[in-house]
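Input: structures, listed below.
In what comes next, chain A is part of two complexes: it sits with chain B in the first one and with chain C in the second one.
Here is the complex of A and B:
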């Protein structure tokens, strides 16, 4: 896809989303749409570090929940508008990413992954002990009735998430095609060789970690308004981490379109399974799909489509 | 414009956290906390042992190990509640099936990831998926409730002066140390054990001696999963178990292995005990909800400043 076409498509998508939103009167459509977009944003964010550089982050829930809780705390203090909360959540998570990265990215990727796993546990302990944002008993958040652009507040949340998701995909695509992206894939393929040929590996990895963490924090910031009641077990739910990893792996990790495809596919599958089977089964489906794809089709749907095309030629 | 949020605290546990603990802690309370921590650390070593083998020696990042520990706990629960078998015996009985499970899991991992060359991303995600699947399958088959076992020594304590040693902590400690010692002997004395040590040090040299590294690794990985059966039986003696409890041990077990120094059993034991003592003191003197965070407090500085751990090779 050429640059012009990509940007035109992105803009068109936002506009169609907005127009459709004006026509739809069913609130459920916004709730479901928000959830899909939130996962597109999270999966894209994860993929910037995990897919391009090959560093697996298990701590999505930590970055995501940090964004959400920063937004709870700031709103309690000053009642700021949503875009400001999103920026604040992003900055906070980005800083955590920078700190984590600078301490652990010098080692092999597996140690970074273990540290992120532990990060999710420690940040949950911190939030559970932070009484100001509700501690273990959770925080009730009053969702305003009307959005600032007219329409219901959930409609406003939906548009906000739509803009963020499209922007994140655009950012991921820009990174993928820039020098930074090539550097990151060099790290993924052979870090030692990359280092030897002059790629500033540590700097690039840090950059990717901060970008990825920032986007996850931004994704979390509107969450308190979306759920209206937030407690640590739900904000740090393992399902966020599993889904965020499963989606790019199912879709295909090397490209920006992979996480988008994976996020749409898995959210639809889960919404269907939730209604038709049970909520425990839907998590099992995600786990099985993830393990199935990484063992049988390591390049995801994108890779399958690509090999089909090449086979036809 | 957005309206101000209203936050409400549901439960009223507004008691001053410090109020209770202002006075000087009494020395026998500290002694009890330290001893409880040593016992707890001994149990952590049983969980970390499998990771010390898989991750420390074979370089397989088996994140799902704690899930197998929980699986072992549930198997113990089934054997104990239906046949009345002693939990420790049940754990030992399960080592056979768990060994086979481990060998099969390694075969799958080897064919899909290891033999395809370096694929750390997929391998990590694979084990993360296995962790998740095991947990959900346990919820679907055994339910999400807490389960516990019956044995004569559970609920009884040994009193030495002002020191109280509950047998439900003492027995796991002894079994764990025994298991660690037995495996250490096996690794240093037997031919197979030495081959396992060799594969962790120099795969090529082992191949030149006519031993297949894949077979040895499958064997070693089988042993590492077999230790999870025993660790699971110890876990359910110490506390009631529900399927998602395993996650709490991932950070602890990996912290113990990294802090102890990759591949060093004794380093791992010392690290586990340090971790146990710190957790016990923090829980007793301050607040138990901080306990899971302590492992991270050890892990991060170790990774950042002393990646060789206490007694190990540098990473």
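Here is the complex of A and C:
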């Protein structure tokens, strides 16, 4: 896809979302749409580090929840507008990414992943004991009835998430096609050879971790308003970590479109299951899909399409 | 030596209580073709890793073109003009052959004017630009390894066993390639077991035995050196 077409599509998507929003009167559509967009943002963020550089992060929930709790804390202190909270959440999670990265990026492969898991557990313990943001009993956040642009606040959250998701995908795509993208691919394939080819591996990995963490924090910042009640077990829910890994894997890592496809597919399947079967079946379905894709189509939907196309030639 | 491109002085490397390299001093002149030989376990690969920065050194110094480079990260040394190829090819598997060269060109190009296509043509991989490294044969993989090192437009190329496991005619192909690179002005250090290739290539030969330099000089003299013979053939 050419640059012009990509940007045109992105803009069109935002406009269509907005127009559809004006026509829809059912609040559930915004709730469900928000959920899809939030996962597109999270999966894209995860893919920058996990898909491009090959560093599997199990700590999505930590970055995401940190964004959410920064939002809770700042909202309690100053009642700031949402965009400011999003920036603050992003900065906080980006800084944690920088800190975690500089401590752990010398670890390779599975050891890095274990460290990220530890980060999620430690940060949950910290938040659970932070009384100001509700501690273990959680925090109620008053969701304004109306959004600043007219329409309900949920509608506003939906648009905000739409803009962030499109921007994140655009960022990922830009990275993918840049010098940094080639460097990250080289790191993923062979870190020693990348270094010998002049790639500053540590610097690039830090960059990817910070970008990834920042986007995850931004994804989490509107969460308190979306759920209205936030407690540590739900903010640090295992589902966030599992889903953000499953979505790029199912869609296809290494390209910007993979996480988008995976996020749409898995969220739609889960939302449908929640309404029709039971809310407990969610992770089971994700697990089965992940096992299925890893064994049958290890390169995800994107890989499947690509091999079909090449087979036809 | 004032015209030395690479000067290694008193290099010592220990792994715990084991001294892998003991007080090694070697200098390589501008445009020279140096062969480095030694039995298995004599420290050749450790030497390469110490020069290229993959391993930190315990004592001594490494200078490239008069500037100290020990202490720099491997990618910084590559950018200064010290490229290496790996003993076992380590291509970027998910990238195409052409993209494999693009990585060092983007990050360490040093103003080189060769394009990916020209480099691939030179090493004889002209028609394979869009293939993945996994589809290449062993000898093609070695050529890609050399081409990728060359894509960084190095002043000094350290080729670590670029020919191990290849057939006779394939060894000749790589040899011709290395000689051509040298004619273009690249200084080359060749680490190799295949004596026929080393003797045909080297203007000077250095022999390591058990972490020490036992010989350094004209190839014909070195292979008649008592210590060298003892190391290879026993007493």
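FYI, the second predicted complex is superposed on the first by the 313 of 313 C-alpha atoms of A that agree within 3 Å, B and C clash if a C-alpha of one lies under 4 Å from a C-alpha of the other, contacts with A are read in each partner's own complex, and residues count from 1 in each chain.
Following the convention adopted for this analysis, a residue touches a chain if its C-beta (ideal position, glycine included) is under 8 Å from a C-beta of that chain, and two chains touch if they have at least 3 such contacts.
Remember, predicted model here, so these are calculated numbers, not experimental data.
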### Superposition on chain A - do chain B and chain C clash or fit
fit
### Query
Does the superposition put A:196 against chain B (first), chain C (second), both, or neither?
second
### Task
Mind working out whether A:254 is in touch with chain B, chain C, both or neither, as first, second, both or neither?
second
### Query
Which partner, chain B or chain C, touches the larger number of chain A residues?
B
### Task
With the two complexes superposed on chain A, say which partner A:183 touches: chain B (first), chain C (second), both, or neither.
second
#### Entry: Contacts of A:233 with chain B and chain C, given as first, second, both or neither
neither
### Message
Considering the aligned complexes, could you tell me the closest Cα pair distance between chain B and chain C in angstrom?
### Response
11
### Task
Under the contact definition given at the top, report the residues of chain A touching chain B in one complex and chain C in the other.
188
#### Entry: Touch list for chain B against partner chain A, complex
1-11, 13, 61, 63, 108, 112, 116, 119-122, 124-126, 128-130, 132-133, 136-137, 139-140, 244, 247-248, 250-251, 254-255, 258, 287, 289-293, 295-297, 299-300, 303-304, 307, 315
### Task
Quick one: which bits of chain A touch chain C in the complex? Just the residue numbers, please.
179, 182-183, 185-186, 188-190, 192-202, 254
### Query
Where on chain A is chain B touching in the complex?
50, 54-56, 58, 72, 75-76, 79-82, 103-104, 107-111, 113-115, 117-119, 121-122, 124-126, 128-129, 131, 133-142, 144, 148, 188, 224-225, 238, 242, 245-246, 249, 253, 280-281, 283-284, 286-288, 290-291, 294-295, 298
### Query
What does chain C use to touch chain A in their complex?
52, 54, 73-75, 78-79, 83-84, 86, 90-95, 99, 102-104, 106-108, 148-149, 151-152
